[in-house]
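Common to both upcoming complexes is chain A, partnered first by chain B, then by chain C.
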Partner chain A sequence: MTETSTVDQDSNPGADAEVHSPGTIRVLVAKLGLDGHDRGAKIVARILRDAGMEVVYTGLYKSPNEVVNAAIQEDVDVIGVSLLSGSHVPLFRELGRCLREQKAEHIFVVAGGVIPEQDYAALSDSGVDAIVPQEARADLIVTTIRNLIAARGRI
Partner chain B sequence: MTAYTSSRQAKRAAYIPSIELLSGVLAGSVPAIARMISRAEGGYAEASDALAEIYRHTGKAHIVGITGVPGAGKSTLVSSLIKAFASDGYKVGVIAVDPSSPFSGGAILGDRVRMNDAAQSCQAFVRSMATRGHLGGLARSTLQAVDILDAAGYSPIIIETVGVGQDEVEVVTAAHTIVVLSAPGLGDDIQAIKAGILEIADIHAVSKCDKPEASATVSALKGMMALGTVKASAGWNPPVLPVSSVSGERIGDLKDGIGQHWAHLQESGELAERQRSMCRTRILGTARHLFQLKFNEDVEEMEKHIQAVVNRDVDPLVAAYRLLGWDSEARVA
Partner chain C sequence: MNLFSAQAIEDVREKQAEWEDGELAAALKSRPEEKPAYETECGIALKRIYTAADVADIPASDLGFPGAYPFTRGAYPTMYRGRPWTIRQVAGFGNPEATNQRYKYMIQTGQTGLSTDFDLPTLLGLDSDNPMAFGEVGRVGVAIDTVDDVDRLFDGIDLEKISVSLTINPSAWVIYAMFVTVAEQRGYDLHKLTGTLQADPLKEYVAQKEWIYPVRPAVRLLRDLIMHSARTTPKINPISLSGYHLSDVGGNALQEIAFIMAFTIAYCEEVIDAGMDIDDFAPRLSFFFISHQDFFEQICKFRAARRVYAKIMSERFKAKMPESMRLRVHVQTAAMSLTKVEHHNNLMRTAIQALGAVLGGCQSMHTNGLDEAFAIPTEEAMKLAIRTQQIIREEINVTSVIDPLGGSYFVERLTSDMETEIWKVLDEVNERGGAIKLVEEGWFQQKLADSAYATFKKIDSGEKISVGVNRYVDETSGSARVHIHPYDDHCTQLQIDRLNAVRTNRDNGRVRRLLQELAQQAESDDINLLPKTIELVKARATLGEICGALRDVWGSYAEPMIV
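Here is the complex of A and B:
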């Protein structure tokens, strides 16, 4: 486990054609529901930026429907949701429902924040693709996202 | 430590050929528009036929550029303008540009924080775009994204530039109407008479007019305007409009001003001129980009020229002539 600086070793400053291959990963970092703590979400946004991803941040207090609409317009590969409020089970269920309803299930959902292990199965059933535990190091977040997209391929 | 990964089958999504997205774009389908913008941004060769067809359907939209220093309040103002135009029945499109990191290539696209609510409630299309190494205040594919929104029936289309300094004026050849947003408290009347960003305005807006310092900024700009404007446009004097996105004060005036400028361009015939100059810039810009791609491809050839310049065998101008395959004996400049 190392610092984030090692995850962008394949980047090449100055040669924009190479840094920005068609494979630039876009991520929507979102805060769902009544949860005003976004220090973590902003740090994650910064980590992903330093790993060469384009990160759209939604701001606080978003509904699942708003987040899905934003993700579709921004054509992101991943929605990363940080939740510390304890209401993750119903909110992710609703997020999954909105994604299905809008035929946007190709977008990955990655959860982070304070999520007890006993809820992992419920979140998975709601359509969450990966859960990053709160004590995770920066590069785990990056590799989790990269692995998901590598498995799906570009669309 | 590992991340918990869902045991469900890995997600599969088929690649939809761009040409199949085309009918969706023209019919205004939001997912099709969004995907097509990504294809333009990524420079997918496969998308070029579809983009060529899209271009044939453009030319209807009023393109409005909003520029200003970082923190002037551009995103907040755009959010207010979305609401103002939407309440008049307009279908507003927005391309909001933020800078990419020159080191990692990544970007934080934060404009949406201030526009999300307006986008949601007004059925506007808001897309954040990273510059991906392009200088000048826009991204290389900003205008293709504008084309896509234009073909999909959005108008006005607002381009929000990155927070600019004094000299990033590329937006002037990208939009029909340029709004330069100045924030109060950031400089005196000397700043106001400097060359560059302030000269490109069709409309000056001064943000945060609920603050007392705003009136000084308004008078400095009006003083500058009183000395005449360089941007020749018969029959149009760029107005100076104080606005407050917080209180909503005079946002309506700005919306009307933007509409009046559009009417002026059409009535005076200046629109045709601007369209021509926009096309010219796009052709030259695209040619420059293609050259760059071409030269990046042939690494060996490039290395040869670099070494010759490093060794002081030739100067950079001669090397450039050789790179282009031109006769360096006939060089000028």
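Here is the complex of A and C:
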């Protein structure tokens, strides 16, 4: 099992995934592979929490399979992956494969970190729904996720 | 003794009061200042002007002279007049041969020291064929699996002539063993061998986040490395205490220095507890700081750090040799300040930060490539980065006078203010039970995460300006076309093929036996693990096997979930 932590202002780590409030967007903020840069991931977790979303953070060094399992277990709407190690193309390809294998393609995938524009198409082909640029403001990150959910029509 | 006489200070205060009531008051009336208050990046209040009265309480002995206690004015008596700082650009990617080629190009371009970045599997003690290494081999650094890879990395490079810095952390003691084995194979005198390992575990748990074992065994490995290196390779710096990463993860200038000094204290205590005299290892402690955007704050930071360190070593640890109190620092410009938008602006940012590092008295420097917000730098970007340092060194005459900003009322005041703030943090760390305990509890991690979020909010609100990003935005500048350093897709397979060959051709029974012996030694805290590790490396044990043997003994680190 992937150990995860619920990001909650009231600090309620024992919160059961089943009792989350309906209507609230749930996001798994994930670090994939061996990349240790977690500054951005943690900031994004706080931004989303401050925007009223329920956020779960995976911690470091998670394999694509572990991230997908955590996403299913936590019943999230979105997986947000931050990658700065340059390994985004193979890792997102593997993440997409695991999502399909587990029939969890309804979960959106949002990518952030250091991702050169030339790789956007490859990520999109791997099932990444949106890529947030490095210099994105908080608004853009929140809106990107809200728009994905809105387009789907339900939470 | 103070810098100015009481009478002189009195005169200045009187004149300043007159000026404030006269010229200043009139100017403020006709044109108010742009902001109600001014401060440094780390939050120290700034006055509009500094005078002798602002440095009245600073004892002249706090400044001293370069190369003498407390080293505020520089690490060495002649500084750049005697020896320019080392231009040390870090590089590492792909197989060892690929990095070796880049080294040779950079030496030809005028680089004077080498520095190695390792890929994530190597840093984390995994062989290239480990499933977790998927997609990461040779990506952000060079891939090293066995001692033969280290030999390939430095092929044709005279390690007695050029010093090598190895940016390696949790697996540092293994890379050290490989490095000295290669030096030995080449017939070098180990007593003359120079070089630096980063090997700063506490900053990994709070900042760079590369770890294998729980905190205490990781510190023990560092202790073993420091003690072994002091005895057998006395010119190697076994550690580079890295404030850089504390800044990179969100820490301000005060946190960078205060936290790294707290770690320094913890490491010294470990080595002293194991029976080594402070003067037998402290001269080889080295440092790595960032040169960030707030120009004067950064210069004062370097000066304050030297002073605080000298006082810690002298007063707390009773060091006797000046070399034990001399803070030597490698500096890197701030990767965090680089933008993808209008990326050529990064050249200007880097040049200014590099100048700050020189005015602050660095011993060695890496200037970032203008394309580092996209990927690891290309050859062309590295050439421009080296040229930046050469222009500062050769064209603008900032190296003739030592500590040229010393004595500036402002610089001396800010240096002293920063020193005071650093001592406050160190006192708090002491009261809370010391750095190792606080790392385990996540105390530093929480402070840094809070600081990172505060900085983000300042950027998001536009309070902190990034030119081209949230100020002077040019809607037409679009996304940059940057040539990105290509990744060699064959790199992983070559490493795996070589691993298979090594495992076929060595004495596997002997490797197994040695690994068991290493694991047994690790059970006891009193045995230095380096000799056995060197034996293992020579027997062609892989990095992953050696690190794995100790993981079986000590387990893995469980990260406290701090967001």
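Heads up, the rule we're going with is that the second predicted complex is superposed on the first by the 133 of 155 C-alpha atoms of A that agree within 3 Å, B and C clash if a C-alpha of one lies under 4 Å from a C-alpha of the other, contacts with A are read in each partner's own complex, and residues count from 1 in each chain.
The rule is short, and it goes like this: a residue touches a chain if its C-beta (ideal position, glycine included) is under 8 Å from a C-beta of that chain, and two chains touch if they have at least 3 such contacts.
Note that the structure is predicted; figures quoted are calculated from it, not measured.
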Item to complete: Mind working out whether A:74 is in touch with chain B, chain C, both or neither, as first, second, both or neither?
Response: first
Worksheet, complete the sentence: Max touched-residue count on chain A (chain B vs chain C) belongs to chain B
Worksheet item: Which of the two partners, first being chain B and second being chain C, lies in contact with A:59: first, second, both, or neither?
Response: both
Worksheet item: Touching A:140 in the superposition: chain B (first), chain C (second), both, neither?
Response: first
Worksheet item: What is the contact status of A:39 with respect to chain B (first) and chain C (second): first, second, both, or neither?
Response: second
Discussion item. Let me check the overlay on chain A: which residues of chain A are in contact with chain B and also with chain C?
Written reply: 13, 45-46, 55, 57, 59, 117, 133, 135, 137
Fill in: Interface residues, chain B side, partner chain A - complex
1-8, 10-16, 30-31, 34-35, 37-38, 41-44, 100-110, 112-114, 116, 119-120, 125-128, 130, 132-134, 292-293, 296
Fill in: chain B partner contacts - residues on chain A that touch it in the complex
1, 8, 11, 13-17, 19-24, 26, 45-46, 48-59, 62, 66, 69-70, 72-75, 102-106, 108, 117, 120, 124, 128-133, 135-137, 140-141, 144, 147-148, 151-155
Response to the item:
Seen from chain C, its contact residues with chain A in the complex are 120-121, 123-124, 126, 131-136, 139-140, 208-210, 248-250, 339-341, 373-376, 449, 452-453, 456, 460, 466, 469-470, 479, 482, 484, 487, 558-559, 561-563
Fill in: Complex contact set, residues of chain A against chain C
3-5, 7, 13, 33-39, 42-43, 45-47, 55, 57, 59-61, 63, 85-87, 89-91, 94, 114, 116-118, 133-135, 137-138
